[in-house]
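The structures considered in this document are given below.
What follows is chain A paired twice: with chain B in the first complex and chain C in the second.
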Partner chain A sequence: MGNKQTTFTEEQLEAYQVALHGRYRELAPHLVPLDYTNNPDIRVPLSLIVTMPELKENPFRDRIVETFSEDGQGNMSFNDFVDMFSALCETSPRELKTIYAFKIYDYNRDNFICKEDLQKTLNKLTKGELTPEEVTLVCDKAIEEADLDADNKLSFADFENMISKAPDFLSNFHIRI
Partner chain B sequence: MPRKSAAAEEVGIDIDEDVSDSDDGDNRRRANRRQGGGRGGGRGGARGRGRGKKADSDEEEDDEDEAPKGRGRGGNRRRPANKRGAGRNNDDDSEDEAPKKKRGGAANRRKGGKAQESEEDSEAEKGKKGRKGGKKGGKEEDNGKGKKGDAKGKNKGKDKDDDKDKKKKKKKDDSSSDSNSNSDEEEESMSEGEMARLMEEVEEKKKLIANIRNKPWRMKRRLVLLKEAQQFVDKFEGALGKGKGRKWYAYKVMMTKKWIKFQRDFENFRTACIPWERKIKEVESHFGSSVASYFIFLRWMYGMNLVLFGLTFGLVVIPEVLMGLPYGSIPRKTVPRAEQPTAQDYSVLMDFNGYCKYSVLFYGYYNNQRTIGLLKFRLPLSYLLVGIGSFGYSLMLVIRTMAKNADVGGGDGEEGEFTFAWKMFTSWDYLIGNAETADNKYASITTSFKESIVDEQENQKDENIHLRRFLRVLANFMITCSLGGSGYLIYFVVKRSQEFANRTDLSWYEKNELELIMSLLGLVCPPLFETIAELEDYHPRIALKWQLGRIFALFLGNLYTFLFALFDEVNTKLDEEESIKNASIWAMKEYYANYSRLLNDSDSTPPPMDPGDVIRGPCWETAVGIEFVKLTVSDIQVTYLTILIGDFARAVIVRFLNYCWCWDLEAGFPSYGEFDISGNVLGLVFNQGMIWMGAFYAPGLVGINVLRLLSSMYYQCWAVMATNVPHERVFKASKSNNFYMGLLLLILFLSLLPVVYTIMTLPPSFDCGPFSGKAKMFDVIMETIDLDLPAFMGTLFSYAANPGLIIPAVLLMVLAIYYLNSVSEAYQNSNMELKKKMQMARDEEKNRRNNKDSTNQVMKDLEDLMPNRSLSPPAPPEPEKPPEPEAKPTKTKPGSAGKGVNLQKDVTLASPNPNARGPIDRPPGPRGPGPGPRGPGPGAGGGRGRGRGPPPR
Partner chain C sequence: MEDDSVFYTDRSGRITSNPLLDELPSYQSLLYRRKQPIAGTKRRKESRGRSSLSGSGKWSVSTVNRIEERQKSQMEQRAIRELPISMAEKRRHKEQRLGEHQGLSSWGQWRQNTRRSLKRLRDDAREIFSSMKLWRRDIHQIEGMFGTGILSYFSFLRFLVALNLIIFLLMFSLVMLPIIVAPHASGNVTYNQRDGGNCSIYPSTARRGLVNFHQHISDLLSGEGFLEQTLLFYGYYKVDKIHFPKVNSTYNLALAYLLATVAYLLLSLFWIVKRSATGFKRHLVQDEDRFQSFCNKIFAGWDCCISNENAAKLKRSSLLYELKTDLEEERIKQKIAERTRKDKCRIYFLRAVLNLFVIGVLAACFYGIYVATNLSQEAEISKTKVNFITDLIYEYLPSIVITLANFITPLLFSVIINYEDYSPAFEIRFTLMRCVFMRLTSIGVLLFSLWSKITYCGKDKSCGCGYNHELYSCWETRVGQEMYKLTIFDFIIIAAVTLFVEFPRKLIVKYSQCGLAKWWGQQEFAIPQNVLEIVYGQTICWIGTFFCPMLPAICTIKYFFIFYIKKVSLIKNCRPATRPFRASSSHFFFLVVLLIGLFLASLPIAVSLAQISCSKACGPFVNYTTSWEVLPVTVSQMPEGAKKLLFALSSEAFAVSFFVVTCLAMFYVIALAGAHKRVINQLREQLATEGRDKRFLIQKLCQAQNNQPVKRSKFQPRSPRSPSSPSYHTSFSSNVSESVFLAHSPPKSSTNV
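After this line comes the complex of A and B, so read on.
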C-alpha cells in the first residue's frame, strides 16, 4: 500500500526528510521545534537562512531566499525550505528551474527583467568591478540579445527562450545538499 | 471479468472500513451492496489490503474535515451525477465533468515530455510526506503529519491572501471527490468504458504524482494535491490489477540514479586527472583566457615532451645504461687522460665537458656494437629509429591537434547570439560554497565580461577606414623595414665574425660581437614592434598574432646565426677528424708494433691500450649536442632570472617602496609587470625547436626539457599570480591554440631540415657514437635489412625503392592531397552558407516576433493602465485564473468525455508545447505575475515563450 511510485523504502524516506529538517532546524534551533503538532506556523528569517554553507557564497542568496519564501520577505517555513531545495536540486526539470531563475533575477518583482534588474545582477556578479559605462554596455547588449519583443525588457518568454539554449544553465543552477 | 471483480472488491473493502465516512461512505456502501454477490472468495485476501488502508482513509477523513467546503460542494454536485448514472459518459456539459476534464488537461500538461524517472526522487520526497501523514495513524504527530496539518491550517487561515490558491484547491477537491463519486458509480455499472476511464484516471493521477515536483507551486499545495492523487491511486490501482513490477521499476530507477551519480563522480575524477587544471583555471579567472592559453600550450608541450622522453629514455638511454659497456671500458666512454684532472670541476661540468661529455647524455658515449646484452638489443638501429620517430610523432601530434582544434571551430570569440545574457544569467555556479572558489569565480566572471566587452567595443568601433588602412600599411612598412634592417645586421655581423675567426688579436667586443648584437636586437625589437602595432589599432587578439609573427621572423635570424655557426664548427671538426683518424690509426699500429718489438713475441696478443690514452677524433656530434644543451640551459637560466628580476623584484620594489616614494609607484611609472604572452609563447616554441634539433645528438636533452617545462609550469604560475597584473584590455583568446600550433609546426619543420641533412649527408665520426665506422648514419638500416630480415624482404625493399614505383606513388599522393583539399574547400563553403542561412533565419524570426509583439504591445500598454498594478496582496488572485482559459481549449478539443480521455492524451502527446508552457502561467510567488497584462497573458505569454510551433493566437 502507500504510494508505490516512490522508489524509497519507508526508512530511507524518513531519513531523508529528517535530514532536511535537521538542516532546517539547525539554522535556528530556538525557533524550530522538533514537534510540529502544536505550533504550525514557524518561519526562519532570511538572515539565518543565508548562513547555510550552500548559500552563503552565492551573490544571489538573498534573492533566492526571498523568492522561495511565501511572504516574499525571506521568512521561510519548512515547506518553503523544502521547496527551495527541490527546485534547485539536480534532477528538477529545466522548466521549473527557469521559472525560479526568472523570479530570482527579477529584483523588483514586476515580472519583467528590466535594466535595473540586470544592473543589480551584474554588479552582484562582478562585485561592482566594472565601470558604469561597461555596466550599461553589458546590460544593453544583454537585452538586445534576448529581447524578442523589443520592449527593452525581458519577459519570461524572452528569458525562457534565452535560457533554453544556454549550455550550462542546468549544470550551474543547482545546489547539492 | 476478473479485473472488474477485483476492482469491486477493492472499493467494497474501502467502504467497509469507511463506514464512518460522511456522505462518501453512503455512495460507496451502496456500491458495496450491489456487488455483494460478485465479490466472493477474493475478499479475504483483499481485506488485508483494505485494512492496511484503514489508517489511510482515517487520515483522509481528517483532511476532509479540514477542508469541509470542498467536500460539501463535492457532495452537492455528486447528487446530479448520481442521477445521471451509467450512460452518461457522453454528456459533456455536466458540471462535474468539466473539472474532471480540466484535471485531465492538467495532468496531461504536467507530462511535459520529461523523463519521469529523473523526477522520481523528489516525488518520493514529497510522497513520503504525504504518505507519512496518511499512513502512520498513530505516529503522525511527527513532521510529515504536523506539516500537513500546518499547511492546511494555514491554507484556511490565510484565506485572504491565499484565496487564489484556495480556489484552485477547492476546484481540485471538487474534481477529486467528483471522480471518487464517478468511480463509485462506475463500480455500480462497471461497464468496459468505465473501467477504461478509471484506469485513465489512475494513470493521470500517477502522472500527477510523478510530475508534481515540476510544478511551480507552493509546497503545501503540492502536498495537498499529491496526497489526493495518491489516495486515489491507492484506492483504485489495485482494483485495476496494476501494482505489479513495482520492485523492478524501483530497482530500475534506483540504478538510473546510481548511474547518474557514478557518471558525475567519474567526470569529476577525470577532471581531477587533468594536470594543473585548477592552476590554469585560477590564472584564467584572474588574467583572462589569453594568458591561460599560454599555460594550456605549455601543458600540451609538456605532454608531448613526456612522450618523447619516454621514447628516448626507454629505447635508447636505459638499454645503454643497463646492457651497454660500462664507463671506462672503451675510449669513447672514458675521459681522455689530458682532461682527467679537471673533469670533475664544477665549471667544467657546467659547460657539459668532463664527465658530462662522456656520459650517456650525449651521442658520443654510445657504442657501435650491433647488438647489446642478452636480449640482443640493436642499439644503433634503435637510436636512429627513435631519432626519426620523435620527429614523426611530433609532426603527427601537432597536425592532429591542429585539425582537432580547427574542428572545435576556430570561431574567434564569436559565440552565438546570447553572449552577454548567458554570461549574466548562467555563469554563476550555484554549487560554489567555498569562499576562495567564490572569489575566483567572481574574478573569472568579471574577466570574461571584460573580454566580451572588449570584443563588443571592437565591433562597435567604426571610424575613418581609409585612415586606418593607411596606418596599417604604414605600420607594416615600418616593421618590414626594421625586420629587414635587423636581418641585414645579423648577416653582416656573422660575416664579420667569420673574418674574426682567423685572427687572434681580438678585443672583448669583437669576440662577443655576435651575441651582443643578437641580444640587443631581441631586447629592442619586440617593444618597438609593439609600439608600431599601436598604429594599426587591431583587436588585441589579432594584434597578438601579428606580434607573434613578427617576433618569430626576428628570432628566425637568431636561429640562422646559430645554425650557421654550428655548421661552421661541424665542418672544421670534420676536416680535423680526417687527420686525427689517420693519426689515431697510426698510433694504434705503433703501439702494437712497439709492444711486439719490446716483447719480441709477435704471436701474443697485446693488452689493449688504456682507453684514456687513445687518440680521439673531435666527435662533432657530441659537440653539436653540447652546444644545444648549453643553449637550452642558458635559456632556462635567462628566462627564470628575467622572471625573478623583471617581475618579482619589480613587484617587490613597487609594492614596498611605494610607502616612501614621491609618486605612486603602483599606478605610475614602473607599476607591476604584465604577463608577456608573445614573448613567452615564442620562447617556448623556439626552445622546443632546440630540443628537436638537439635531441638526436644529446638524448639527455629531452629529459632536461621535461624538467624545465615541469618547473616552469609551477614557477610561472606562481610568478603570474604573485607579481603580475592583468592586461589593461583583457581579451579572449581564440578557442583554438592553432596559431601557436602553426608556429610550432613551422619550427618543427625548420628543425627537421638540419637534422635530416646531417643524418643523410654527413659522415658520422669514426670513433664515437652508435654509427661509427659507417659511411652514413642510415647505413644501419641497410645493415638490418640485409642481416636480420629474411632475404625476400631485402628484395621487397629494393623494389620499393625503385624510382618506377616511387614516382607513381608520389603522384598518387599529390592527387589525393589535391582531391582532399578541394573537398574540404567545398565543405567550408557549404558551412559558410549554412551559417549565413542560420543567421538569416534567426533574424527573420526575431523580426517576426517583433512585429507580432509590437501589435501586442498596444494591448499590453492598455492593460498596464488598468488598476491593480500594485505588487502586493491584491495580486495573488490573478494568477489563479490563467489556468482556466488555458485549460479549456485543451478540454474542448477532444470533445466528449468517455473517449475524450484517450483523445486528449493523444493530442497532448502530439504537441507537447502547451504542456511545458503550463508552468509559466502560475508563477510561484505570492504576488501575482503582474496584474492586468497577465490576464489574457498566460496563453499569450506561453505562446511567445514556446512560440515557434503553434501560434496560440
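After this line comes the complex of A and C, so read on.
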C-alpha cells in the first residue's frame, strides 16, 4: 500500500503545487498571491479552511486543520495545506494515517487519548444525541477494548494496535480532492 | 520545530514527558521508526549525552546504538512522502538524500537511478490503469453521496461486467471464431454425420408462411423460432472438426467446446478467490479478536469522503443508530446470560418449530417450481396456441414462479426471525443465508425438473437414445432457452420494479400528505437483496453458457444497463439504509455468496457433461455418447508418451498420493496457525505486563528519588513529589516545572533502566 518512491522529483512537486494551489488560493484570494516563487509566509486562518467542501461536513475538521498547521492554532501555510491532503489521500500508507489520526483525536495533546478526549470525540460524532450515561458507557467500553497496559487511557501503542484491527479505518479515513 | 513529530512539544521545543521514559530503549526505537537518518544522528548524540549524564551504564548506550544502526538501514529506502513531518522537513530530507546519492560510486548511482525510474514507471502505469477503469466518475459520485457501503455494491457490479466480458471473449475465440473464420480461411469443415435413425431427426423450427409480428417478439423473448438455429444456442455448433489446409492442422471443435467450458469455470474461480484474498485475511484478523465494535465506530466510523450535507446528516444518524444497536446488543447479551432453564427450553422448542415451518415453505416453493416447469414444457410440446399473452405466460411460467417465490420468502423470513430471539447481528446473517439458499436452489430445482422430463421416456421404458428424443430432439438447446428466458425475465423485472414501483413510491411519498405514505417512507437501498439479485443472474449465466454460448455477452449488456438503472434509482429515489452495511465485511460477503453461486452452478454442468447422453441431432458431440467422452477419445489418439503421462496422472496411485500430500500440507498449515495464535496471545499478555512493570518501576524510582536528599540543587524540583502519586498520568503533565529532571542528579538506586 502506498507508493514507494524515494524522492519527489521537481516535476511532481510542481504538479502537486499547481493542482492544490488553485484550491488554496480560492479560499482567500485576497490573501494568497499567485506568485509563490519567493515563498511568502502567508497563512490562511482556520475559519476559511473549514469552508472547503471536502472538510465542511467532517465533524473533526477543526482538529484536522489544527493538527497539520505548524503553529497548532489552525492557520495553515501552503506547505501545511499540501501536507494535509498528501497525508490524507487514498494512497497514503496506513502507518502515516495512524500517526495523524492519533494526533487528531488527542485533544489535550498529552500523547494519550484519555477519557475526556474520547468523550469529546464521541460528542462531536453524534452531536450530543446520546445521553450522558450512554456516552460514559460507550467510552468505558472503548477503553476496555483497546487499552492494553491497563492505565485507563490509550497510548500510541494501544491506539496503533487497535487501528490495525479496525476494518473500516483505511477505507474511511481518507479525503478525496 | 522539533524533529520528533510523533509527540507534541511545548514552546521551547522540549518533549514534555518524563526524561526517564525517554531513555527507555523501547521509546528510542519508537522514535527511530519515525525519524530521518540525519536527525537521527543528532538525536543519538543528545540521548548519549543524557544517558551518560545519568550514568546509567555503558550497556544502555551501546544497545541504543545497535538499535539505531539497524533501524537506520531499514529507514533508508523509506519514501519521503510517507514520513510524518512537515513539507519544509521533507524538502530538506530530499536534498540530503540527493547529496548522499552523489557520494555513491557510478555503479551505485546507476542502480539507484534504474530502480527509481522503474518504480516511477510502475506508479505511472498503475495511475493510468486506474484512471481507465470503467465508471470511475460515477462511482466517485455515488461514494460521495452515499458512502462506502453502497459503493461496494457498484464496484461488485463492475467486477461482474468485466468477468462476463472475459468469459464471452474466451468462448468466442475458442468456439465461435473458428466457425466464422473457416469459410474465409478456406477451411474444410467436417459436419457431424450420425446415422442413428430416429435419434438424429431435428425438425426445423423456422416459421413458415406469413408470420405475425408478435410472433417475432415472442420468439425474441423465448429464444425459439428464428433464434433457435443460430449461434445463440448449442444446437448450431454441429461442427466436429475444422481442417485448415493452409497451416495443415485440424481444429477439434468438440474438444475446444468442452475445454472452454471447464476453462471459464476455473477462470471465474481463480479470479474470485484472488479478489477475496485480502478481504479474507482482514476478516480472519477481525474475527480473531473480540469484536471491536465501539473503537472501530468511534475512530474509524466517520466516512471522510462525504461532502454532501444530507449525506453527512444521514451518516451521523446511522452511526448513532449503530452505537445504540451495539448498546442494545450488550443489554441483550446480559439478558441471554440470565436466561433460566425453562426459558431456554421454550426458546429451543420455538426455534425448532419455526425452522420446520421454514423448511415447509421452501419445500412448497420448490414443488411449485417443479409443477410450473412441467406445465410450461407440456404447453410448449403440445403447441396449441391460445393467444399471444397466454402463450407468453406459459413460456415464462417457471421464471414467474421463481421470481414470486424470491419476492415473498425474504419478507416471510424477516418476520419469522423476530420470534426466534437471536442477537441482532446473527439475525441479519441468518436471514441472508436463508435467502441465498432459497434463490440459488430454485435454479437447481428448475433444472432438475427439466432433466427429469428429458430422461423420462414413458413408464417402464428405457430411452432409446439415452434421452427422450421424441419430445426433445435437441435437449441442450431447450435448456439453453430456459436459461435465456430466465436472464431476460430477470432483466425485465429489475427494470419494471424500478420504473413502476420505485418511481411512483417516491412521487407518492413526496407529494402525498396522508399518514400511510409517511409510514411507508422513502425507498431504502437494501444492499443484501440487491446483491443476491445480481448473484442469481450471474449463476444463471454460468450454468447457461455451456448451453447458450452467447449468454455471457447478453449478461454483460444486461449488467451494463442495470448499473445505470440502479444508479439513477439510487440518486433519485433512495435514501441510505438506516441499518448500515459495513464496507469492509460486505466486500467479503459478496464474494462468498458469489463463490457459493459458482459451486452451485458447476454441479448442473458436471451432471450434463458426464451423466446425461448428449443429443444426437445437434451440437458438436454427436459422435460421442456423453459430452465428456471427447476427452478420453482425444487422449487415446495422442502420441504414446503423452498418453502414458496423462494415464499416470489420472491413475489411482497418483490421486491417492496427491491427496495424502495435500492432507499433510493442510495439517502443517493448521498447526502453524494454531502456534501463531498462541504466540500472539502470549505477546499480548507480555505487552500488558510490560506496561505494568514500567509503571511500577517508575513509581519506585520516583519514590526512591524523593526519599533521598538532593545534593546539587540547581534544578531541584520546586514542589517535592509525593512518594505515592496515585494517578500515573499526572507525572507526565505538560507543566515543566513539576517534572523530575533525573538527568541532573546522579541516581543512587540500582534500578537502572
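Just so we're on the same page, the second predicted complex is superposed on the first by the 158 of 177 C-alpha atoms of A that agree within 3 Å, B and C clash if a C-alpha of one lies under 4 Å from a C-alpha of the other, contacts with A are read in each partner's own complex, and residues count from 1 in each chain.
Here is the rule we go by: a contact is a pair of C-beta atoms (placed from the backbone, for glycine too) under 8 Å apart; a residue touches a chain by one contact, two chains touch by 3 or more.
Here the structure is a predicted model, which means the values were calculated and not measured.
Applying the stated clash criterion after superposition on chain A shows that chain B and chain C collide.
Comparing chain B with chain C, the partner in contact with more residues of chain A is B. Of the two partner chains placed around the shared chain by superposition, neither chain B nor chain C is touched by A:Leu31.
Of the two partner chains, neither chain B nor chain C is touched by A:Val50. When the two complexes are overlaid on their common chain A, residue A:Lys153 makes contact with chain C while staying clear of chain B. When both complexes are overlaid on chain A, the residue A:Cys114 reaches chain C alone and has no touch with chain B. Once the two complexes are overlaid on the shared chain, A:Asp168 sits against chain B and chain C alike. Judged by the touch definition given at the top, the superposed model places A:Asp41 against chain B, while chain C stays out of reach. In the superposed model, A:Val82 makes contact with both chain B and chain C.
In the superposition on chain A, contact of A:Val18 is made with chain B only, not with chain C. Only one of the chain B stretches 311-319, 347-355 or 527-535 carries C-alpha atoms that clash with chain C in the superposed arrangement, namely 311-319.
Comparing which residues of chain A touch chain B with which touch chain C, the overlap comprises 2-8, 53-54, 56-60, 70, 79-80, 82-83, 86-88, 92-93, 95-96, 99-101, 103, 105, 109-112, 118, 121-122, 125-127, 129-130, 134, 137-138, 141-142, 145-146, 148-151, 156-157, 159, 162-163, 165-169, 171-176.
Contact residues of chain C toward chain A in the complex are 1, 6-8, 17, 30, 34, 77, 79-84, 86-88, 90, 94, 97-98, 112, 116, 119-120, 123, 140, 144, 148, 282, 285-286, 289-290, 292, 294-296, 298-309, 311-312, 316, 319-320, 323-324, 327, 330, 582-585, 684, 687-688, 690-692, 694-695, 728-729, 732-734.
Of all residues in chain B, those touching chain A in their complex are 49, 52-53, 56, 112, 114, 118-132, 134-135, 141-147, 149-151, 153-154, 206, 209-210, 213-216, 218-220, 223, 230, 233-234, 237, 243, 246, 249-250, 253-254, 416-435, 437-438, 442, 445-446, 449-450, 452-453, 456-457, 846, 849-850, 852-854, 856-857, 860, 871, 916, 919-920, 923-927, 929-930, 934, 941-942, 944-945, 947. On the chain A side of its complex with chain B, the touching residues are 1-8, 10, 13-14, 16-18, 21, 35-37, 40-41, 53-54, 56-60, 67-68, 70-72, 77-80, 82-83, 86-89, 91-93, 95-96, 99-101, 103, 105, 109-112, 118, 121-122, 125-127, 129-130, 134, 137-138, 141-142, 145-146, 148-151, 155-163, 165-169, 171-176.
Chain A meets chain C in the complex at residues 2-9, 53-54, 56-60, 70, 79-80, 82-83, 86-88, 92-93, 95-96, 99-101, 103, 105, 109-112, 114, 118, 121-122, 125-127, 129-130, 134, 137-138, 141-142, 145-146, 148-151, 153, 156-157, 159, 162-163, 165-169, 171-176.
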